[in-house]
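Look at the two complexes coming up: subunit A is in both, with subunit B in one and subunit C in the other.
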Partner chain A sequence: MKRLFRKSETYLLLVILVFSGVITCVNPSFFSLENLFDLLKSYSFLGILAVGLLVVLISGGIDMSFAAVATVAEYLTALAVMRWHGSIFMAFLIASLIGILLGVGNALLIYRFKIPTVIATIATMNVFYGILIMATGGKWIYALPENFGTFANLRLFTLVGQGGSQYGLSIITVIWLGVILLTAFILRHTITGRGIYAMGGCNADPGPAERAGFNVFRIHLFIYSYMGLLAGVAGVVQALLVQTVAPNSIVGKELNVIAAVILGGAGIAGGTGSVTGTVLGVALLAILGNGLTLMKIPSYWYDILIGGVILVSVTLNALQARKKRSKVIEIEEPAA
Partner chain B sequence: MNTPMSPSPRIKPESEYRDVLALAGILLFTFLVMWALNPVRFLAVNNIKSMAFQLPELGFLSLAMMVTMVTGGINLSIIATANLAGIAAALAMKAAEAGGAGTFGVVAVALLAALAVSALIGLVNGFLVAFVEVSPILATLGMMTLVNGISILVTKGYVISEFPEGFRFVGNGQFLGLPVPILLFAAAALAMGLLLSRTAFGFELYMVGTNPTATRFAGVNNRKILMKTYLLSGVLCGLAAIIMISRFNSAKSDYGASYLLVTVLAAVLGGTSVFGGFGKVLGLILALVTLQLLSSGLNLLQANAFLTRALWGLVLILVMVINHMSESRRAGARS
Partner chain C sequence: MAMPFLSLRGITKSFSGVQALKNVDFDIEDGEIHCLAGENGCGKSTLVKIIAGAYQPDPGGSIAFSGTSLRHVSAIGAIHHGVGVIYQDLSLFPTLTVAENIAMSQLIAQGKSLVRKRRIHDLATRAVERIGIKLPLDELLGNLSMADQQLVAICRAFTSEVKLLIMDEPTTALTRREVDALFRVILDLKRRGTATLFISHKLDEVFEIAERVTILRDGEKIGTYQPAELDDASLSQLMTGMSPTYEAVEPPDPAGVPLLEIEGLSLPGNFRDISLWLLPGEVLGITGLLGSGRTELALALFGLNPASAGRILRDGRPVRIRSVRDAMGHGIAYVPENRLLQGLVLHQSVAKNLLLTVLRRLRTRFGFTDPERQREQVRQWIEEFKIKVPSPDARIETLSGGNQQRVVLAKWIALGPKVLILDNPTVGIDIAAKSSIHTIIRNLAGLGMGIIIISDEVNELVHTCNRVAVMAKGRMGPVFSGAGVSIQAIARAVAGNHGEMAG
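Then we have the complex of A and B:
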């Protein structure tokens, strides 16, 4: 019980419960299975990206380019699927490959040339996005194949609401759940996963991890290609959710994703963060966003809210880290 | 293995001199190439004038980026700060105009509003970085979102435009045949150069960027230095805002979206180390002029704006790769 209260995830859960209570009091339609399943579906896109970014943040890096990667993957996949009448499976495959390829590019710049992650990915973001818009003219794609529509409406089970409306667990949510489980497994139970924590654990300095025997190059490759892979998957998910492909619909959303992951307890100092925390972070953002709509607060407030959330949570994280550090010194001093 | 966070090897004065020469060489090369590609129009008075009007706002923003990078940080909120400062100035001006203030009063009110807002944002950034010890990337990223949100809330996404004639002079006027903004930038760059190279604060700024722990043990108050750095960075954004809204004759929440990359690029190309400790105003100016020549030349060739953006990204990667290679060669030569 005491251990439970030391975890930031517990506090996050409490905050989520309080907010849910407040929103329900103002607008009871918030507290319904229908709204829950709807949120789970529409926030899958953000959730998949958040899980990918979590891996990068744990390693002590940051990726500013994932939204551009998702856009490139989404757009090229849509073009390919339209030309060759591909299946949904093919769409995910193509998008994943594009994402991995671009991610490997990031990894090489960061590892081989020791470019700080923030600078490298600001640069690649502009390269990826700039070339895509230049080559395509930024045209929207409306005529997605029919199977995109049918797949997006698949549900694992279907319930019927009071007004006769149908809802249930969407296949898109299932993809997100798969990503969550896979990432949690990789981070907890594989050597690569432990290496990612090790790399970020020493003030984001991969040196000690390398001396401890981790292949830091392979871990870099994994981190950024995994982020790329998930960005590719998220790109297709976005196309499924919106049923149109707009090259400017994803860029700019990276801040929401970053907010969710940081809110979930991951800091850029590296070495901390968990999949549970990130999922709770996404949940809190979803509830806040949905709550604003349900409480009829103008959408102008949304960015302020996100910015405020980022600042408050980085402040709390930093204060907590400082408290932890001062504790370590207390223990060490008598021994010296 | 060399860790990414370790400070780069000390550069001797003569090699610093060589860096400036190399930059001047790149500048000359860019100039010749762009001139060759646009033989007639590149040196036309119109083009030179338009370059002189465009460079200053980017210059102020690049200085704002550079000071934080010298301390080993970064300021991702510069564009957002400039936009909100511009909006504040625009609103203050509208109010002053309605109150019947004269030209001088209107300009003073605009300047005051922009500086107050940008200084406040800078102070909060500084507080988060120096006292709460949040990483500069996250602190300024959160600030960027928050400030952007405030700008959108205040303007509801609309443009505020039509400023009095006297105020438009700041961004569009000429004094002794020279554009006013470039004169303002020259003055600011000179002041910044002196501040960084001739004052105790400047020296301590480089020290904090090189090795914060050693600096603290040397009796320097790191926190005060960082506070001042981010305050200075904010104020420079406020000055950029004044020139920007005066030139556009309008203020809006999302001007200059692609500037962030260009300011990082100008600083890095100009020799500012992203790991902190290095960076000279002279280098930054040479880099800025090079980038301005490049972008104007491409513009004359009617290159796609997104091609230019991709090109900026590629150049940034290229500069970082070359920096890394020359640094490891230097390190190899010493051992």
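Then we have the complex of A and C:
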């Protein structure tokens, strides 16, 4: 019980419950299974990216290029699938490979040339995205194959709402759940996963990890290619969700993803963070976005609220860290 | 006679033409506690890396474990022969649990790719039990004290069979009580046949339990001694090849108004009811354990940690010091302990660093910088402080520790302060550079400056200070002056306070 209250996840859950309560009071339609399943589906895209970014943040780095990677993967996959009438499986396969390839590029830049991760990935973001626009002229793709539509509407089970509307657990949500479970397993139960925490905890200085025997190069490769892989998967998920492919629909979502991961308790300094926290962070973002709409509050309040919540959580983190550092001297009381 | 556990013969090692080790013979007996001493750059760490298999010696030497001569020792080979090294930075992971920190290397060495909690716990428990200590295995390492972290590093070494434990400067970050606890562990390991090799560059606690001391100088072995044969003077003479001469420190002229006087200075959680005075031309030492409040007091005088009660007088007039600007305005300067982090801009040139504090004073009439005057000024300082640099444009990080320290001193003295506070001015620099810094300090005092030295090295204080004050638990203890300033008396006062603390 005591342990529970030391975790930031617990507080996040409380905040989510309070917000949900408030929103439900204003608009009871928020509190329905239908709305819940709908949110779980539409936030899968953000959720997959957030889980990938979590891995990068734990290692003490950051990846600004994931949205560009997702866009490139999404666009090229759409072109390929249309030309060869490929299956959904093929779409995921192509997108994953493209994502991994671009991720490996990031990893090599960061490891070989020791470029700060922010700089390296902002640069690759511009390169990836720029080349895509140059090659495609920024044309939208509307005519996705039919199987994209049917797959997006697959549900594991279907319920019928009061008005006769059908809803249920979407296949897209299931993909997100798979990503969550896989990532949690990797982070918790593999040497590579523990190495990511180890590296991040030493201010991203690879020295101690190297001396302890970790293969730091392999860890770097894993971190950025895994981010790339998930960005590729997220790209396909985005295409499934909106049924069109636009080169500019994803870029700009970076900050929402970063916000979700940081809200979920991952420290920017590295070494901390959990998949549970990140999922809760995504949930909070989803509930805020959806709730404000349901309460008919203008959308700029969403940005202000998100910014405010990030400021508060980062400040609390910093204060805690400072408290830990400053040791108080116990002054001897004079013998009276 | 039994074979020594480790025996090195004729070890030579050169790096691109520079000989780091010259024909060194070195033995460690089973279960022996041995100290390897020498100045920075004498080849200590090269020797250790050869023992640990990180470097290969030049052809011609031989390494034997328990009489078995080996042609080649790899890092893994050294571990198999029972060598465990604990580096000065410990190389631990603050955001992993204690158990993971202990067990991880072993799991990697076994070629595992999955981590099972049970297995980690078993490995860690076994290592902790082998050493005979208690550690909170499920706690995050970052929540442990420095001393406990060191024990974790020892446990990590003991996940494999260790016959020789090598520790690099193990006591510098520890309080006396923690050092005692560490020594109990070392002695216990000795009883079970594990030898320990300490690396140290000062005559400190390590010598208390070392059975033999080997001294290196310029890559050559000077000799192996019993600790009892060595005292401070002979040790530094052996380490440097020079005999340092210390002149007796005269007490200052007691007449006249103190440069600085403090009365009943307090800051909750830091120090309480501190009164002191500092005369012109006087060097005042303040010592005490880490956490005694000495550094906090120094920071208060420099406005970085302002006191909440009490008075500060400069030249007899009460002043308020709430910020660094206040302090500098009253002619008080502070040279921080961690010269690398706080005092210098490492990747800028010597000239730029020297000019940092006085740029405003060297302006032209129109407020622009004046390169001509700057160059002249820098040249003058480099000469005055005997800073050894190829050119004023050399980057600070390329200088030796002693020369870096001189740049810091010069930088502050350029401001012409009346009161100079030095926080551990000679930490981590070699003996020759040390004594030149001590000479600089005495010369500055000779010019009428008042100097406060915060230091852990009682020895250093005795040779440079007119008076030495001992602090403990945020309060002022005894103040020694004149003939009363002796290593024994001060060490006893510091240790005495420690005794109370333990009780």
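Observations on the structure shown:
Keep this in mind: the second predicted complex is superposed on the first by the 323 of 336 C-alpha atoms of A that agree within 3 Å, B and C clash if a C-alpha of one lies under 4 Å from a C-alpha of the other, contacts with A are read in each partner's own complex, and residues count from 1 in each chain.
FYI, contacts are C-beta pairs under 8 Å (C-beta built on N, C-alpha and C of every residue); 3 or more make two chains touch, one makes a residue touch a chain.
These numbers come from a predicted model, not from an experiment.
Contact with neither subunit B nor subunit C is seen for A:Gly99 once the two complexes are overlaid on the shared chain. Within the superposed three-chain model, A:Ala198 lies in touch with subunit C and out of touch with subunit B [touch as defined at top]. Contact with both subunit B and subunit C is seen for A:Gly207 once the two complexes are overlaid on the shared chain.
In the superposed pair of complexes, A:Gly281 makes contact with neither subunit B nor subunit C.
Within the superposed three-chain arrangement, the count of touched residues of subunit A is higher for B, of the candidates subunit B and subunit C.
Of the two partner chains placed by superposition, only subunit C is touched by A:Gly271; subunit B is not. After overlaying the two complexes on the shared chain, residue contacts for A:Gly47 are found with neither subunit B nor subunit C.
Once the two complexes are laid over each other on the shared chain, residue contacts for A:His189 go to subunit C alone; subunit B is not touched.
Applying the stated touch rule to the two superposed structures, the overlap between the subunit B and subunit C interfaces on subunit A comprises residues 207.
Note for the complex: subunit B touches subunit A at residues 1-5, 74, 128, 132-135, 137-139, 141-150, 152-153, 156-157, 258, 260-261, 264, 268, 274-275, 304, 306-314, 316-317, 320-321, 324-325. If you check the complex, the residues on subunit A that touch subunit B are 62, 109, 113-116, 118-120, 122-127, 129-131, 133-134, 138, 203-207, 210, 216, 255, 258-259, 262, 267-269, 300-308, 310-311, 314-315, 317-319, 321-322. Contacts from subunit C toward subunit A in the complex involve residues 87, 89-96, 100, 104-105, 107-109, 112-116, 142-143, 268-272, 291-293, 296, 472-475.
Per the touch definition, subunit A reaches subunit C in the complex via residues 188-194, 197-198, 200-202, 207-209, 211-214, 270-272, 324, 327-332.
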